[in-house]
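One structure, pasted below without further comment.
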Amino acid sequence: MSTILRPYLYLAGGIALVLVLNLLVGGIGSYDQRIVVNIGINMILAVSLNLVNGFTGQFSLGHAGFMSVGAYASAAFTTMVLPAASDPMSQGLYLIVALLVGGLAAAVAGLLVGVPSLRLKGDYLAIVTLGFGEIIRVILQNVSSLGGALGLANIPRHTTFLWVFIILVFVVFVIERVIRTTYGKGFLAVRDDEIAAEAMGVNTTRYKVVAFVVGAFFAGIAGGLYAHYNSLIKPDDFGFLKSVEIVVMVILGGMGSTYGVIFAAAALTYLPEWLRSFTMFGIKFSDFRMSIYSLVLIVLMLVRPQGLFGGFSFKGRRAAAKKAPIG
Amino acid sequence: MSEFLQQVINGLSLGAIYALIALGYTMIYGVLRFINFAHGDVFMVGAYIGFYAFPKLQPLLGDGYGTAVAVLLAAMIGCGLLGVTIERLAYRPLRSRPKLTVLITAIGISLFLEYTGQLPVVFGADYKTFPTLIPETTYTLFGGVSIGSTQILVFVVALALMAALRVVVLRTKIGTAMRAVSMNMNAASLMGININRVISFTFFLGSSLAGAGAVLYAISYPKINPLMGILPGLKAFVAAVLGGIGNIAGATLGGFLIGTAETMTAGYISPSYRDAIVFGILILILILKPSGLLGKGGAEKV
Amino acid sequence: MNNGFKESAPTMTLLDIGNVTMRFGGLTAVSEFSDTIAENALVGLIGPNGAGKTTVFNMITGVYTPTVGTITFESRSIAGRKPFQIAHAGIARTFQNIRLFPSLSVSDNVRIGFNRLARNRFAGSIFQLGGYQREEENFTRETDQLLEKFGLLDKRDELARNLSYGDQRRVEIVRAMATRPRLLLLDEPAAGMNPTEKSELMALIRYLRDAFGIAIMLIEHDMKVVMGICERVTVLDYGVKIASGTPEEVKNDPRVVEAYLGESAH
């Protein structure tokens, strides 16, 4: 079969799978549906952060910040600019437009954050992105036209299972496709050895900014989906903890393995929900679930830091970081 | 003018607490080159140790300063031991691993302390009121500027601990070993220094300062809960970076600067931006001078 | 920008280093160093450990910006430009402590060399329209051709980190060649090799120079290698150039002997 067509067949297959699943999802309860949609949104977040943290080897701890920019921009656009939509056709159309607005706003934020901070490395970059995320949150808390700390309410519920997962299929398609090209290998080169990549003519700064902006764009779209699903968004929905959650999905998924990251996003979204209803020896785990979650994280780092599906281990980067002097 | 001076006094008293926490960040960074994300939560535990120790100690020691000092010591020792335990169980096995693995582990510890603290069988998620350790008296200085007895206690304790730390680091054998390890761990180990002991000691020292900071914070702002460590922890971290992480004098300076900047912002701009200003400072310093105010510049060797 | 393998008079100066000094804080790593490399030349840079040889490479390739001095490549000033720009200008290098991309395959390591030629950037890589397919096929073909020339074609799909030490060194050279350089800098290419591998390496370096028409400068401690293939040798000691000339001249220079053997040589 032609190599030109094959990727599109994957794309078509992915969409077909989503359509079939959509029929099945119609039959489950609304509580479970909510979990499934949250899983999908988290998958988009994790796959997009994986471009930055996994493929490009940077360490962003502010993904929730970009998500919030997308959520607020798209929600504001829907509630303040677009007219009300009644039929599913225009609802879908309006959602797409609002998501693009949210994605672009987040991409601009990604550019503003990325350009100055990408000179920093490792935990310093992590801290700066964390700081930016917190600043975005504090600003949102103080903008009264966006609802302040109480949040923005009455966002039309345009997001459906179908939209979330179709968009996920496209995000995976884009990232997996780009990463296989000669251009896309540049991201991996930056991760593996920045100095060697530069010496080979790769503009590493440019790559890092692109990864940041594209990652932020998709995070913004995920934020838009979140806003149009929950109808109410608050600055605290996008705190430091949300960023940590997404980072953990990427690490657990193996840093740079898209499918591992997708699986980890599903598992980590479902785990706390499952613990919520889990009882053993008469002890209700719902109280302990977040303690268990954090313990799992610690044990994982001790036992299997390369993630459950780690193709790329941290080793390469540690070696690169350690052998600092070129002679 | 008097309002300004009042803000300075309030800022310095808050800053003294940040400085104590920042010292822990900076010392641990100094020897291990990593950011102990759980430090703010060790601080939180310190406040609870004080909270639970007070009713036990008060009948023995009465209402005076004796109880206050005992509560302070209890929190310091408790936090010190907690810090040593965390290092022993979670960080030591990862010492040769990449820094990011350790950073994630530290975040895991931080979350674990926060969530476990919120369990009803541990501290509970609700706010608790920290007991009054010393009678609150307000002294008017001049032109309407006043200082409370709590603030005086904060200054006295913080400055005494900083002086003591200086003596330990500069004058004692273990302090010399700490400095040696922070300069070059391998060389220090070749010179016969027991690295593990030095690191444990550093964690004990840094965490006990956080414990002291916690008691001082709790008598200044008596509402405590398991999430109380997050913001002071982050701000103290910013203070450490501002002063030049790894630099002890820098952490002290940074603490006072951050405390003052925060109260000034709250007083003159808007209380809702008091957190944002701190992160703004962090970003500016990291972009303009990542080595901090007192940190050594030096070109990064590629 | 054309950095192709163009033909020109062999005596023309390719690289001109004019009085460069590199200071790190109080330490002067290289002091008032000048040298030239002619087109198609094969020259050596030698000196005791810590003499500043790699610092010279790092200045040429833009890792460091010289504190003072000029570096001109093909009549254009390159001092202070970014490493990737200097790579685009036509200078490639290898590293003393091999720096391959460990998690990429051998062929992807080489393919990175074509990265700068890829006209399809992010958007182009998503849609993959027009000449995309042809472009990628060209890169694949050229990668395979290069690997074949160096006898590495059968290892093209192996991860770089799984290669033997000798193969890693060779892949690093092939990767550098993929950027189509006019000047190749080799930092201790023979380090860790046995005598057989060393003689193979010497043949390889000569072949590179002759078949691709490039100039090569190499840092090397093994005097057999340096004396065996270099037409001209420059000697650094404590950051200062103490001698320059044919291998014979340099070998007999008393200052060089002293630098290598120390005061006891008197």
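Quick notes
Each chain gets a letter, A, B and C, in the order it is written, and its residues are counted from 1.
Heads up, the rule we're going with is that a residue touches a chain if its C-beta (ideal position, glycine included) is under 8 Å from a C-beta of that chain, and two chains touch if they have at least 3 such contacts.
Treat the numbers as computed from the prediction; the structure is a model and nothing was measured.
The central chain here, found by comparing per-chain C-alpha centres with the mean of all protein C-alpha atoms, is A.
Ranked by distance of CA centroids from chain B, the top chain is C.
With each centre defined as the average position of its C-alpha atoms, the distance from chain A to chain C rounds to 40 Å. Remark: chain A and chain B have CA centroids separated by 33 Å (rounded to whole angstrom).
With each centre defined as the average position of its C-alpha atoms, the distance from chain B to chain C rounds to 50 Å.
Shown for chain B are the residues that touch two or more other chains, namely 301-302. Within chain A, contacts with two or more other chains are made by residues 195, 326. In chain C, the residues touching two or more other chains are 58, 63.
Interface of chain A with chain C (complex): residues 3-4, 7, 174, 177-178, 181-186, 188-189, 191-193, 195-204, 210, 214, 256, 311-312, 315-316, 319-320, 323, 326-327. Considering their complex, residues 53-55, 57-58, 61-63, 82-84, 87-88, 92-93, 95-97, 99-104, 108, 111-116, 118, 120-122, 124-126, 128, 133, 135-136, 139, 161, 175-176, 178-179, 187 of chain C touch chain A.
Of all the residues in chain B, the ones that touch chain A in their complex are 34-35, 90, 93-94, 97-105, 107-109, 111-112, 115-116, 118-120, 230, 234, 237-238, 241, 270, 272-273, 275-276, 279-280, 282-283, 286-287, 290, 301-302. Those residues of chain A whose C-beta lies close enough to touch chain B in the complex are 59, 116-117, 119-120, 122-124, 126-128, 131-132, 134-135, 138-139, 141-142, 195, 240-241, 244, 247-248, 251, 287-288, 290-291, 293-295, 297-298, 301-302, 305, 314, 317-318, 321, 324-326.
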